[in-house]
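Going by the order they are written in, the chains are A, B, C and D; count residues from 1 in each one.
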């Protein structure tokens, strides 16, 4: 939720951004077969068809329904089928069963998208300044919301393809020269009271604010994420079999899940292959490690003699670095080790449980459920990944997942204390 | 498995039967959208795509692979993906996850069907008499196997469509005049040693034989299945809330499943609608009740003061009645009350647990797993249903499902003891 | 339930039998520590304290409450706590939580027993002939019921002690000379219509009748149960790893339970020790195998090239052999290979699912729930075991357990077809 | 773990404290029947017998075994049976099955206590100063550890007694005059960098340090915990049925657990009774609410328009208030509203997930598992309860439980932001 009305409330730029975001979702689906749209490989994942419909439902529910006089729902049952978790909006189809709905078909969902797009463009074109003050921020949320689902669409698809023994590729393999890993260096920061969180200028989700003071001790942050070669040494040192490195819940998750390497790694004799959105590939040791849970990231850090950074530390380090890196627009669909940015490639697990900032107030109404009600049992990740739409993240952006989640492009960056 | 070589080993009639059965499977899929092929709504059900591929795998595995010299698998991974439960053939993809395979696509599966059909037709055309002696019976099993999957394809699809809140129709509704229920009469049979089971003339599955003696007391069998009007009285008499009518395991299943009426019944105020393959319909009281578990059938019978017939009784009654009735070829896709046959409309639950007949020996090799290994914790059903392919059942045919299964077209026919 | 009033309705013999049965239950508990009375090691087992209280509740509920004018419950909550499964009697404490009730204490339960005993003895002493006609059969059921719980008390205790790493002994080890196994011979029986089931003379449970005709083909039955040496060869031939011998549900149970030998066997290098009620003992190869499930018994029989006998076959073989053998009164608490009786040592799994006999009607009222409602998903066992009270079994006695049950003293005896 | 050697390393005071703590454990068990020692009513709870044995095992393992030359374990299997979660010490009996061990009996466990006490007293009496430097701190940990188990013994027992339909009392009811609730006032605190955490003077657990800076905004803290009358208004306002007050995971926990009031509340028509260690009592509206989960505390606070305090806020407020209140020594075994202390009565849920303080390092060796490995998915509670041994807590003391835990004496104290 925006802390303040968006800068982008200028109508024509909003229109063009709307078209860009909406068309990106559909472009991302071009490689899909009709059957792929239906896939739900675990309760946490959703079918591509559902992502396309739900992000559309969001615009219909929060923009068209309240702001188009006499609006009639495209299909009254879609509100039940495509609501995700908004209790204030009403009942909904159970999340683990999203893959059981062969109807509406994907063709019908595309018609739904067209109808809502038409409705929204009409609304925008006819809106006066006063209405734009109201709907501009909502539209901005809707677009950021759809960008989040673009990332999820790809990670969910990767999960589903990854367990198919045929290992389907989302995109063709590309033959890129391997680049040696850069040495890991320590960037140092002194102690002090810092201000972190979003100050309300421009769009941000409600959980990013308010901006507030926090005390950060002297620390150092690694100049790049941990890479596969480094992580492999943890595996070879029996890291997955030594409880002394693991949180108690992590050790139980490891056992229950049978983990012995990151998700999407396949042991192949003495080496590993890695399933990617471009098919099965030999493991590149110089690439940032991804698809590890918080538990694995934390265990690795303890094994290595370091720790994960807190949110405050990461945000201090991000400071005013430019928000650039290996995002979705590179169409790598995979982390690379070519850049040196604190952004992109892999989300990094912080050491910070996802909690409300001091003074946090969720928005009124259903949109207040967007972020606030998840502030328990989750861990904050920062920085965006190779499948995050460009322009989507910020220094203050807080992503969050449960500590056992592995199907996102999640990696880690080491931190350590410095003497004060 | 055939007790003896099939009568149909004449090559041209086999060829024509092969084409007929194989094309029926595909014709049954004509109303499907691509997404429907992917649906698996519970672990006991399989996606239509899987049915089409598995029945093809059966021909490839048991006919082409052993009998075409130098045969190369159409796709070596298909054996892993489309084996159902044959341990002797090897490992297989877990049954509850059949709906997670978007690839191979349905287009690829149709190509697989074409390839195996071509291979099989070549094999048949070039087969000499000696080879036909071997492959004729296997082909006959394969065709009967595919017919079984035609029925399952429709019942599985009905289950999946039935839980979609949009209630999709497989076929358009038809407006037929309702026919009053015939009165239920008792057909009487005297006591004696009967011979039941298949005698080996013509095709039968291995579990139908050997023909053997059994003692059957004097009994009477109802002239038609229990119908919805009768079953409704059981519901209205609180039958689902009175443990005295229920087996202990049935009472637990009722509670766990929240059963208060047959599957696919939807209470609508004071009356019921019924989901059918032709969409939601008002409940026709004169129609045979279907989609009840053994537990419900047994509880109903006890409430009514009667019981279910044993296999021996049912087979005695079926005697040499003609095997005709409301089968798949009527394209009703639903039981009707127009006929008076002991066959068709609904499978009837017997009182007989599914066990080996005296002297039963499963076939050698993988096909020995077809029936024998399921002879525990299941109940025999007899007579075929409205979605059983015509010509598929016999007086000796033993269908079997666990006592809590409700998604088949399963109903009941009452029996009672007579004084000897 | 008795088919007819018991022979034993003579009051003084009933009184003496009452005292004998009731005191045996308590004598069986003499070796127990107070903590042992509380043990419930799985939902199918019950704590000794519960067995003592439940069997008492049975007399209170079915004899004192209806037949003592103005009877007031010993403790009104005991009916809730100690009802097992009688829906007609009312709600009850959940079975899997019986071990969670530290109160009433065992001392209170013994007081409960005293109070009910006193009430019952008064009732009997003051009963006239007409009342004895009514309560005699009920008392007989109650005594047989308590005898069943005496066996269960020991098998449940063995289960609980068996999983304690300290392996407590119920009774001290005894040093008996080992006896070589007798050779297994085949006793042959010709085909024909047999009459099986109880004829109503003397006490029997309702499920044993009515006596009825059944056709039994020519068969042979092994002269003794399968012994540990024979069973060991099945293990050594990889029987637990070869699906071709197993029922499908059995294979799944084996995997889920991690079975690789009978329950209570402990691999000790290359040999096995066996946990017994007299502590851990080296495996005696000549002893009848016990603590196998139906699935294991069936798999062994298939591996050996034979099969399990049906109920009809077993009862034919038992014929009029004397009902003697290694029962509870030997205080072996373990099968032995010293006798040659068809009774005692181990219950043998038959091939017969537990079903109603033709013409079976459960008793009216709550006691009708004793046996009838369990006639599904269970298998019949015959012959009694080393912990069955003497005098408890008959040729027609039908014990029943689910096919995966292993904690009873359950073994097997082979059968085979003979040419007719 | 101690940050520094304990102040109490003077031998005779240690000895007297050892005797006091050890004897208190046994005194707490005086009201128990032998069966009660065996009770484990859920996996998170342990039987009293286990608490008595495990706290003894702790002294044996961490003091006797390493420091008594040639020490032989009292029983070598006890290390397996009574290790709680120390991976570095070895395998252990599964936690959910602690209630299944009837042996060793409670008599044997008391003998184990005697033997370890004797060993420890000998060790202490013969220890020179140098050895005392080593074992003093370990002994101090062991005593604090046993004090923690004294509290758990009572909360676990209350859980088990609470679900017994007989509602046994641990102690007799006492008739105390009810006292009106004090008005709730707000104590105000200004913003600033605060130092929290233990400074190493005197005993503390390792998770309480190091002392470090944290920024705390201006806030107010309620002068007393929320009481039952206030909480009842939340219930009556349908608080348990309105998702807008609840965290998403909390809403799911509420549904799964069927929560509609705090644990141990029993609706009795329109009012409530409360199960206490002194039996079932009418609900005292002036008493602090207890047995609520973090989810309920958080939902209540949101409903009331306030929030829970952070650790930093609570510790700021506790400041140098005297550590006194309604602890275990009052033998109330229940919260009261007579005092005004920030300590005692009920642990209060903070808003702070349980995490490592900056610079935290777990101790070397097995004792490093005491606290550190649980720093995930838990929430910090502060202040001690009516069953916390006196002298056990400190301003810096951090208790922690998962957010759905309700069986502790856990309540809440409201906080709110102040303008800076």
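Note that in this section a residue touches a chain if its C-beta (ideal position, glycine included) is under 8 Å from a C-beta of that chain, and two chains touch if they have at least 3 such contacts.
Here the structure is a predicted model, which is why all the values come from computation and not from measurement.
Colleague: Which chains contact both chain C and chain D?
Modeller: Shared contacts of chain C and chain D: no chain.
Colleague: Taking each chain's centre as the mean position of its Cα atoms, how many Å separate chain B from chain D?
Modeller: 59
Colleague: What is the distance, in whole Å, between the centres of chain A and chain D, each centre taken as the mean of its C-alpha atoms?
Modeller: 38
Colleague: Measuring centre to centre with CA averages, how many angstrom lie between chain A and chain B?
Modeller: Each chain reduced to its C-alpha mean, chain A and chain B end up 47 Å apart.
Colleague: If I count partner chains per residue in chain A, which residues reach a count of at least 2?
Modeller: none
Colleague: If each chain is a dot and touching chains are joined, what shape do you get: line, ring, star, complete or other?
Modeller: Shape of the chain contacts: a ring, since each chain touches exactly two and the loop closes.
Colleague: What's the complete list of touching chain pairs for this entry?
Modeller: Chain-chain contacts present: A-B, A-D, B-C, C-D.
Colleague: So in the complex, which bits of chain C are touching chain D?
Modeller: Residues 33-39, 41, 49, 77, 80-81, 93, 97, 99-106, 160, 163-166, 168.
Colleague: Using the touch definition from the top, list the residues of chain C that touch chain B in their complex.
Modeller: 85, 87-88, 191, 193, 212-215, 217, 243-244, 246-251, 294-295, 298, 351-353, 355-356, 358-359, 368, 373-377, 403, 417
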